[in-house]
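Read through the structures below before going on.
What follows is chain A paired twice: with chain B in the first complex and chain C in the second.
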Partner chain A sequence: MKDTAVILSDEKQIDVFKAVKKQKLVRFLKGMLFLMPSIVLFSLFLFYPLGRTIYLSFFLTDGSGDPTVFVGWENYLNLFTSPIFLKSLRATFLFVLYTVPGTILVSLFLAILANEKLKGIGIFRTMYASTMGISVAAASVFWMFLFHPTIGWLNQILQALGFNSIGWLTDPQWALLAVSISTIWMNLGFTFLIMLGGLQSIDRYLYESADIDGASYFYQLRRITLPMLSPTLFFVITVTFINAFQTFGQIDMLTRGGPQNETQLIVYSIYQEAFMNYQFGPASAQAIFLFIVILLLTLIQFKLGERKVHYQ
Partner chain B sequence: MHPVELIGVSKSYDKAEAVLTDIDLSIEEGEFFVLVGPSGSGKSTLLRMIAGLESITSGTIRMNNKIVNHLPPKDRNLSMVFQNYALYPHLTVEQNILFGLRAKKVDKAEQQRRLKETAEMMGLTDLLTRKPKQLSGGQRQRVALARSVVSEAPLCLMDEPLSNLDAKLRAHMRIEIRRLQKKLGLTMIYVTHDQVEAMTMGDRIMVLNDGQIQQIGKPIELYNEPANLFVASFIGSPKMNMGQAMIDNQHLIIEDTVNLPLNVAEIPQVIKRKGITVGVRPEHLLYAKPEEANLFLEIINVEHLGHETLLTFEVGTQLWTAKWLGQWMLEVGQRVPLKLLTKHISFYDSQSGQLMQAPLNKSQLEVVAL
Partner chain C sequence: MKKVLLILLAALFIAVGCQEADASQDAEQQENPGSDTEENTVSDEPVEVIFWHAMGGALQEALDQIVASYNEAQDQVIVKAEYQGTYDEALTKFNSIAGTENAPTMMQVFEIGTKSMINSGGIEPIQTFIDQDGYDMGQLEENIINYYRVDDQFYSMPFNSSTPVMYYNKDAFEAAGLDPDNPPATFEEIEAAGRTIMAENPDMKGFALQAYGWLYEQLLANQGALLMNNDNGRTDTPTEIGFTEEEGKSIFEWVERMIADDTFANYGTNGDNMVAGFMAEDVAMFLASSANVRSVVDSAPFEVGVAFLPYPENKERNGVVIGGASLWMMNGKEEAEQLAAWDFMKYLQTPEVQAAWHVGTGYFAINPAAYEEQVVQDAYQEMPQLKVTVDQLQSTTSSVATEGALMDMIPEARRITESALETVYNGGDVDTAYQAVVDQMNAAIEQANRARGE
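This part shows the complex of A and B:
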């Protein structure tokens, strides 16, 4: 009797094992079903083009983008001997260096101001966030008028103050800075809004406790606000950083890469190479290079950020 | 000279609804003063007004005879423990405790001396390098207390500090806080919604409801002679049994169902004969031998707590509870004989809710120290 009982229970155990396995499979298939729409969309518009670009970067192409001659790494090697590409690389890094800290500092300042509970603060919050609702093209048109050499307000102000007027978009010394300023302005709305959200989610008890302890405003800013805002800051920095590397619209509208290729950022350079010069192979190589640069810098950022960011 | 004195203090938001009306209160030096009331009664607002975190609509707050209405929190020389502890999540326990001292630029050696002393007192010495999220609820609570202790302010405010802890830990921390307060000679103002906390910790209690003072007094006074129906039902657990009553021809008729003989001369302060609400504490609903009983009620629920038994009865529209010591093996549906004595009944005016006649017999027992 005892033996049969043991065998029976063994048999049952195997059944249970099988059933669990089957359940797992069903659960996996169900999960895949739900993921299907995004997998299809991503494959179609992201993974396939990425693969195709990598493929193209090893070829020379004809005018319609079909690969003709396999050249191996030559497209990549040519990049680093081309003075124009090196210049656009330099311009891109400078642009990132101007716009990322500029955007973060200005919007942090505005967010801290707008976080105060004052009468009519809503008006200021709306105003500061408003550039989020303005397209790059529209914003570029505003700035084109502001930068206009003769009728532009900026030069008129300079002249009224007794300075010489500046060729904002035509002077090689000023063009990149001018584009950076307009870009910072365009970025402000979004970063301001995210940071304001971050500031508002900080527990007000922390400030009240610090008030009772007798901590000054700037001490609280340094020891409470900034550390508590660090996850938001990190997010905003990463996003602004990647966006800066991908800037295209305002360059195309304001300077078209000129004067003397001073504002030829990489994405604009890719556009020119591919759709002006019909050199799809070298353009693909540039695109892949940019992708790797952004990927590496973002990874480094995450590594460095880990130590400084306090997640709750 | 009182450490805190409130004279006619009121608070309203946007000139509309009053949150607190006409609060008069003086707190003695070294006293453990408890503000208790249901949520929304304004007790936290009152505490925040004393701390200076909330503005005062009208009235005066004095501390040590000086008007402090206009002073910011940091100049009032007090410390505060918040309900959620308000620990800085990005700082270690040590940095949290020293935050205030560093902000005030207290001398480094002095900081270390106070830190060491406080950490030892609160049993935090081994936890100083941890972050708040690596601590248990009780440990966080102790860090919050340590932060308040280290400031060496003579007045300490606490806003429901124990409400995030489980029942066992809460009972333990009640004793810890009480001991700490006595040891350091702090004047404490303690806000809670839990009447058990209020009763067990307070030297004096103020019951607040709808922004108005209901009663101020020692815990036992509040229990024995609740000034109105609100305090009567709020203080005590299980709560006081209530019922509508009238007096008719030397008989007390409760909820139209209970009829007790009564000597009106025993309750001279009850002039009304109708519109009376009576209150009886659960421990005064006594078991009696059938021949001595003046009340028979049917049990609708029995709760065994081990050391005592809670019985629920239906009296008219009300549910009454009796608390009997020991373990009583009774069944639902049984009719039990009870004895209810006039000297245990409190009489309230149903309309105003005010006390007319307190129970004649106090529950106090004299204990002779051996």
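This part shows the complex of A and C:
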């Protein structure tokens, strides 16, 4: 900054080249000034931790997270031979597969229902969006009661109907599905709201002219609603996708990664490795691996998905 | 354009000005500490001791009462007890601030954190204060101090200790024609009792074993097995597991037999659900920490019996490893503060306090003199189940097995055994589950040893 001052005060004769250069520099500094808040915040909370994580992933650490032994790529290689990590990888992909389409389909259905102009529809819109106001912790506690093996409502209903009760959170066959169901429920509010907003912003005249042409309801849905909603859908899919990969709260509350590591999603596995086993090196390697996976999948999604998106 | 430059320059000046101000403040602070301590010794300002603990719920209430009575009893020291979440969470928090001024004066850490606390470098062994003060550790319960004596040194002060016991439904035993005052003592007897109970009442399962690594360790110790080699890590840092295949498998096979009999109730890793199932008379027997005795006996709608931890028929009963936690002193604190914390630790060991703690929770009295206190005698009259846990500890044979293992990766080992137990509960093969335990535990031990970089 002092250099700028020197250049400016020394400048006496008019030199076009210098003037342009000076202007560019000032413009650059001005731009940086405006960017400064986000640059500072990003470096403090994202870039520095990212760099630190990459650094740690090449080390073994002591209990307080200070690196002790340099091991190179070993932490990464160990990931792919560890049966527990491979299992958590599988669980994560399954979880994404259950929750993303589940959330999108259910909330799309609800949004289309709530988009109808009926008396008292406001009540339903509020109701459908209400899960947005419930924290993950509160929702998990609520679902934990529903899933309780003996006194939970779900099992009581099953028994009343003459079925065997299910060990929702203790049976390895069911646990991931149970956590997925509660996650879909938690996600509904937000996705519903965004999709309803998307539906509301579609121009009425499109439907009017389709009506005049005699198009059926489902034809309109397929040919008008979905294409016009595609930017919203794309946004919602990307966000739920990334959220699903980063799920932590409900796992910690409902299953703690069990039974038999069946619901040990990667983020929970990172938490366990770092803050319960105090192995910050392997945990960092897992974190970097997750970062790369999400990055790649998001890129692929943008490449493939964006072609189908119709912007007005 | 000039304006922008002016703003930039102004910003520069402010930044430099701030730094100078900081520097001068630093200088002031550096001068201050000396005067601070002088003031402290002269004035009668009470010393503040920050005490981190992991006692939630009813246990926290009992602890807060003790702290309050200490603060009232004298005016030199004020102890501030701060709840820091579960043992795991509290230890994680401590690890991130160990050795800084944000560290508490003293802290409660669970027994399996002993090794990692010693390695953390942020602590002052209480041996220092024992020597200074001539404090007699011999007055405390022998089996408990055996655990916390590492290389003939005390690093921490034992505080709350419990052992696992078997809870059983006396009414259900009577209904099935079993003797409610003579509970099963071995794995095989438990299986037989489970079958009898289920024959009488098909809605009630015989036995529940929470998938909890601590219980697995205890069931190993009770048959005299070591968890880690090198004498459970007492003579040298462990390099691999210490139990034999027969010992390690016995617990899995026991569960498998009960599953085959259909007398086993699976509550997974959730202890609360298991206790709820016991209360709802869905299961007749379960293992849990003696710290729950009071609450289980108080709230069960039937008569509850408490018995010793079972063992396989072909083995001797060795007894139990103490579980629970001890109190650690941090280094880098002012001496006055440390001495105040030491005084509080000594207060906690007095018979009166230990008696109240024992009766109020079900944890042991660290100081055996507490058992002579009237409160304890009265409580035993009213609730004889409280005494079982003390008898079990006192009848424990002192050996490396029952002294318990010392290793910093035990929390991880617990999660390994837990998922293996769950595998067996859900019909998995015992041999594969056991092999997974051995392989994963040995790998974790190796990793932990390498990470220390010695």
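Methods note: the second predicted complex is superposed on the first by the 288 of 312 C-alpha atoms of A that agree within 3 Å, B and C clash if a C-alpha of one lies under 4 Å from a C-alpha of the other, contacts with A are read in each partner's own complex, and residues count from 1 in each chain.
Following the convention adopted for this analysis, a residue touches a chain if its C-beta (ideal position, glycine included) is under 8 Å from a C-beta of that chain, and two chains touch if they have at least 3 such contacts.
Source: prediction; values computed, not measured.
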Fit or clash between chain C and chain B when superposed on chain A: fit
Contacts of A:205 with chain B and chain C, given as first, second, both or neither: first
First, second, both or neither for A:310, with chain B first and chain C second: first
Which of chain B and chain C A:38 touches, first, second, both or neither: neither
Partner contacting more residues of chain A (chain B vs chain C): C
Chain B versus chain C as contact partner of A:164, first or second or both or neither: neither
Which of chain B and chain C A:223 touches, first, second, both or neither: first
Partner chain(s) touched by A:214 [first = chain B, second = chain C, both, neither]: first
Lowest inter-chain C-alpha distance for chain C and chain B in the superposed arrangement, angstrom: 41
Touching both chain C and chain B, counted on chain A across the two superposed complexes: none
Residues of chain A defined as touching chain B within the complex: 203, 205-206, 208-216, 219, 223-224, 227-228, 230, 310, 312
Chain C partner contacts - residues on chain A that touch it in the complex: 1-2, 4-5, 8, 26, 29-30, 33, 60-65, 68-69, 83-84, 148-151, 167, 169-172, 256, 258-261, 272, 275-279, 281-282
Sites on chain B touched by chain A in the complex: 51-53, 72-74, 78-80, 82, 84, 86, 88-91, 99-100, 103-104, 133, 147, 151
Contacting residues of chain C [partner chain A, same complex]: 1, 4-5, 8-9, 12, 88, 92, 95-96, 98, 116, 119-120, 211, 266-270, 273, 276-277, 280, 282, 408-409, 411-412, 415, 418-419, 422-423, 425-426, 428, 436, 440, 444, 447, 450-453
